[in-house]
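The next block holds one structure in the form of C-alpha cells; read it before the comments.
First chain written, first letter: the chains are A, B and C, and each begins at residue 1.
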Amino acid sequence: MIQKVILPKLGETVEVSTIDRWIKNEGDTVTTGDILCEITTDKATLEVESYYRGTLLKILAPPGKELPVGSVIAVIGEKGEAIPEDILAQAGGQAATAGKEAPAEKAAAAAVAVAEAAPAVAAGRIFASPRARRLAAELLIRLEHVKGTGPGGRIVEADVEAAAKAGRSARAVRASPLARKVAEREGVDLAAVRGAGPGGKVMKEDVLRAARAPAAPAGPPVKPGEIVPLTAMRRIVAARMAESKRAIPCYYLDMDADVTRLVALRSELNAKGDGRISFNDFVVKACAAALRAMPAVNSRWVEGGIQRRGEVHVGVAVGLEEGLIVPVVRDVDRKSLRQVSAESADLAERARSKKLLPDEYQGGCMTVSNLGMFGVRSFIAVVNPGESTILGLGAIEDRVVFREGGIQVRKIMSLMLSADHRLVDGAVGAQFLKMIREGLEAPEGLVE
Amino acid sequence: MPVIMYREAIRDALAEEMRRDPRVFVMGEDVAIYGGAYSATQGLVQEFGETRVRDTAISEMAITGAAVGAAMAGMRPVAEIMYVDFMTLAMDQFVNQAAKNRYMFGGKTTVPMVLRTEGGAGRCIAAHHSQSLEAWFVHAPGIFVVMPATPYDAKGLLKTCIRDDNPILFIEHKMLYNNKGEVPSEEYLIPLGKAAVRREGDDVTIASYSRMALRAEEAGKKLAEEGISAEVIDLRCLKPLDIDCILDSVKKTGRLVLASEAYKDGNFVCDVAMKVMESAFDYLDAPIERVCAANCPVPMSPVLEDEAIPRTDKIVAAARRTLGKA
Amino acid sequence: MQKVREVKRKKPEAAPANGDLTAEFKIGLLRRMMEIRAFEDKVFELLGRNILQGASHVYAGQEAVAVGACSAITDRDYVTSTHRGHGHCLALGADLKLMMAELCGKATGYCKGRGGSMHIADVSKRNLGATGIVGGNIPVGTGAGLACKLQNKDSVVLCFFGDGASNEGTFHESLNMAGKWVLPVVYICENNLYGMSVAFSRACAIGDVCARAAGYAMPGLKVDGQKVLEVRAAVLEAAERARQGKGPTLIEAMTYRYRGHSRSDPRVYRTKEEEAYWHDRDPIVLFKADLVNEGVLTEEAFAALQGEVDKAIAAAEKFAVEESPYPNPSEVMDDVYVGWVEGPKGLVRIEEKKG
C-alpha cells in the first residue's frame, strides 16, 4: 500500500527544512529504520528514517529545496504500484504555497500600522479623580463647572459635593425678597421659576404661578428647534432601551390577577403597623417567590452561555423628571413584606434625590413597573438588558366577572410579562407568570 | 488571657499540632538542640525526640526537597529555612517541585508541607540576612504565602497552615519574635485568606503586613492626632489575599496607602494596587500610594538601615499626600 | 488526638530473587522492554510528524535499567523519575494508552494533559513523578525515603537520575542527608555517558559516579545497564538492605540512549563507532538471546510477542491521537490549589458542597 514520507519536524521551533541529499534512490527497497535522506534545519543536519517497508517509488522533493515541515517528500509502496494523482499534485503545490503566506501577513500588518498611526486627538482635559467623576455623573453635575482643590488642581469628591450643594441653593437667582419668602413657604425651587419682573427678576406672582402649575420639568425653558444636549441619565436610558429592543427577542404574556383579597389585606396591614405597604411591594414578593421556584427564569444571557443567578434581587422602576431609574431591592426572598416595603420606599426616595449607589441600581434579576396610577389599563414594558423578564402592572379596576355560576364584581389588575425568549420559553414564561398571579391571589403567603 | 511572645506562640502551635497528628514533624538547621536560631522551636526536641524534630546539615535544597517528598508520601512536614534570604538556595524545590506537582500531575497528588522562614531588617545584619522576598513566592502559582504580625495571628495561622493541604511559605519577622501579645490557651484557628482590620476609619485606608502592619497602626494613631481618620488593615495572608476587605475599605475611604518592607521595584503591593484599580477604580479619590524599602541592598549601618526601611513617619506622610496635604 | 493504630498484618511479599523467576515472569520483562522501545520509537515518529508537540526525551536503549529496577520492588515502594521518564512509568505498569494520551496533551492522559512528557506521573502506582529539572527529584525521593522511615514501613524508594544530575547540588545534599539519616533509598544513576551534548568524562571530576558513594557513607556499585537481570539483582539486594534499615545504596548503571537528547539533536558529539557498539548491545536483543538459549523462548514466540506489542502501540496511538479529546480550555485553572479556585478578583475558597 502507498505510504507518504513526511518531512518531519525535528525541533520545536523548526518550521522549514531543506533536503540535503537522498541516500536511498527511487526503486530501492527500504525497511523500517533505514535512513532515506539527510535534511538541514536552522540548527543542524539530521537524518530522516523510514517508518515503512517497501520500495521507494518516487522522490517528490529534490535536494536544495526548502519546504515547510509536514510536506510529502517521497512515496513508499509495492513495486509497480500506482501513485495516486492527488499525492503528486499535492507535492507540486507544496513548494508554491511555501512562499505565499508572507505577503498576506505583511498586508495585514501594514493595515494595523496605519490604523495605529492616527494619533488620538487630545481634547482639553479635565483632571478629576475617578471617584469625583462617578459622583458627578450620578448627580448630573458637569465637571467644567467644578473647581478642583486636589493636588495640581485636580477635582476630588469633596469638590463635586460642594458644587452639588451650591447648585441646590438658589443659583444666584435674581428674585425679590418677598418672592424668596413665598418660594420657601410654598416649597418652590427659585431656580426653576421664570421671572417676569424687570430684567427677568422673579417676583411674588411668578412664584405663586409656579406653585400652582403642574410639576414642570426643571431646567431652563427650551427654545423651539433647539437641540438639548443629553443628560447622562437620558443617554443611559436611551442606550439601554434601544439595546433591549435590538438584541432581546421578546414575547409578551397577558394575564389578569384577581387582587380583591390583596387590596383588603393591604388595607388591614397598613391600618395595623406604621409604614405604608404598597401594591408594588406585594408584587415584588410574589415575583421573588416565583424566581426562587423557577431557576430557569432567574438567569441572564452572558457571553458563553446562560448564567444562573443564585440570588433574588428585584428592581422597581421609579420615574424621575429626567428619566427612569430602577432601584433594586436585594435578596427579596430573604426579607419580609414589611422589610421589602421599607427598603423599597427608602430606595425610591433616594432615587428621587439622586443619592443611589451603583450597587443599589444594578444587579437586578427582574424589574416590576407600575403605570396603574396614571390610569393605564395594561402596558408592555421593555426588558432591562441583563435581566430575563419585566412585569408591567396596570391600574386596579373594578370589573364584572363571571364566577361560580354568577356575576361578581372583583378587583382586577392586569399583569403583562415581557420575557427574553433566549432564556425563557413560552411555556416556562407562562408558568412563571401563573406563579406570580397565584401569589397575588393568595396574598397572605407573601407577608413573611 | 495569657500574654506570650510571638516565638512562643509559634512553638506552641508546632507542639500542639505535633501532639494532635503524628504525621507532623519538624526539620531544619539548628532546630532541635539549639531550639532554633530565634528560639521558635525551643523545647520541641525534648518533648518529641530527635526522630520528629530533626537537625539537618546545611542543605537548603535537601531540606526543602525532602519536605516535598515526605509530604507526597504521607507526612506533614514543617521544614525551616533559617533566613528567607536563603530561600534562593531552595527555590527550585519549592517553586518548581512543591508548587507545581499537584497541577502537573492532574490534581492527583497534594504536597501538604509548611516551610517556615523569617525575614526583615532591624538588626543591622545587612544584605544577606535582612530581606523581604515574599513577592517571588506570591508570583509562583501553587503555593500560599502567610505573614503574621502578632503572636495571636502567628499561632492561629500556623496551626491552620499545618492542617492545610497546600504547600505554604510561612514568613515570620525577626524583629517580632520577642513581641508579646494576648494568646488564648484554648484551641483556635485563623482561616487563610482573611485580613484583620486593626483600626476603623473613613478618610484613608492603610494596608500592610508583617512588621509594617505594626508601623501602620502607629501611623493610624499619629494621623488621628491631626484629625485624619485612617482605616488600618493587616493583610496577614498574601496568598490567598483578602481582596474584598481592601476593596470594601477603599470604596468607603477613596484613598489607599500600601506599606511593605520589601524593595520598591516589583513589590507585592504593586499587585494589590492593580487589583484595587481593577475592581474599584471609580472609587479612588487620589492615586494609590506605596511605602516600600529603598531599591538598594539592605545596608548594615543603623543609620542607613533606618533610612532604607519604611518608617512610620513615611507612612503618615503618604496618607497625608492622598488627602492633598503636603 | 489522632492515634496511630497498630495493625497486625502478615509480612508483605517481597519480589522474588533472580534465581526464582518463572519463565512467564522473564518473558514479561522482555515484553515490557519491547513495549518501552516501541512506545519510544512511536513517540519519536509522532514528534517528527508534529502530532506530539513540545519536547520529549526518549528512553530507547535504556530499557533494561527501568525494567530491571522496577521489577525488583513491590507495590508498597516508591519511585521518582526524570525528564527521560517514560521508561520508569511504563516499567511500573502504566497503561500505554493513557501515557500516549498524556504526551499528546489530551484530557484522557495520566495528568489530564497538564504535565506532558516531562512531568508524567502515575501517583496510583507510587510513581511520584518526573520533573523537568535535572536532579530536581533527588531531594524529593530522599524525602519519600524519610517518610517511609518515619512511618516505620519497610518501603523503599527508587530514585532515578542521570550522570549529568550527579554533578548537581541536589545530588550531593540528598545523598549526604540519606547517608547520615540512614534512609531507605536506592539511588540509581543511569549513566548514558552524556549530559546533553557534553560527555560525562568532560563534566565530572572523577571517572565514576558510584565512587561518590564513599563520600556519603553508603555502598556504591556499577552494573551493566544493558543486562536486565544484572540490574534487577543489584536493585533487589539494595532494596533488601534498605528494608532492613541498613540505609541507602548508590547504583551506577552503564547504558546508552540510542537517540539524541531531544528531537533536534543531531548527535554530532558521538561517533558512529560508539553508537554501533552500543546498538550491538541492545538490551532487548541481549535478553532475547538469553531466553532463547535457556529454551524459554522461540523465534516464533518472539515474533508473536512483537506483533502483540505493535498492536498495543497502534491502539495507544489511535486512542491518544484520534479518540481522545483535548482538555476543555475552561479547566486550565483547575487543581492549582486544594480548596481554592481563581475568581475574577483573586482566589476564592471552594464552598464545600454537601452531597
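In this text, a contact is a pair of C-beta atoms (placed from the backbone, for glycine too) under 8 Å apart; a residue touches a chain by one contact, two chains touch by 3 or more.
Keep in mind that this is a model prediction, so the values were computed, not measured.
Comparing per-chain C-alpha centres with the mean over every protein C-alpha atom, the closest match is chain B.
Counted by C-beta pairs in contact, the busier of A-B and B-C is B-C. Look at where the CA atoms of chain A average out and do the same for chain C: the two points lie 54 Å apart.
Averaging Cα coordinates per chain places chain B and chain C 38 Å apart.
Those residues of chain A that touch chain B in the complex are listed here as 129-134, 149-151, 156-157.
Here chain B touches chain C in the complex through residues 19-22, 25, 51-52, 54, 56-57, 59-62, 64-75, 77, 92-93, 96-97, 100-110, 141-142, 144, 164-166, 193, 239-241, 243-244, 247, 275, 278-279, going by the rule given at the top.
For chain C in complex with chain B, the residues that touch the partner chain are 1-2, 4, 78, 80, 109-115, 119, 121, 123-124, 128-129, 131-133, 136-148, 150-151, 157, 169-170, 173-174, 176-177, 180-181, 334-340, 345-349. Touching chain A in their complex are the following residues of chain B: 254, 281-286, 321, 324. By the touch criterion given at the top, residues 45, 47-50, 53-55, 263-266, 268 of chain C touch chain A in their complex.
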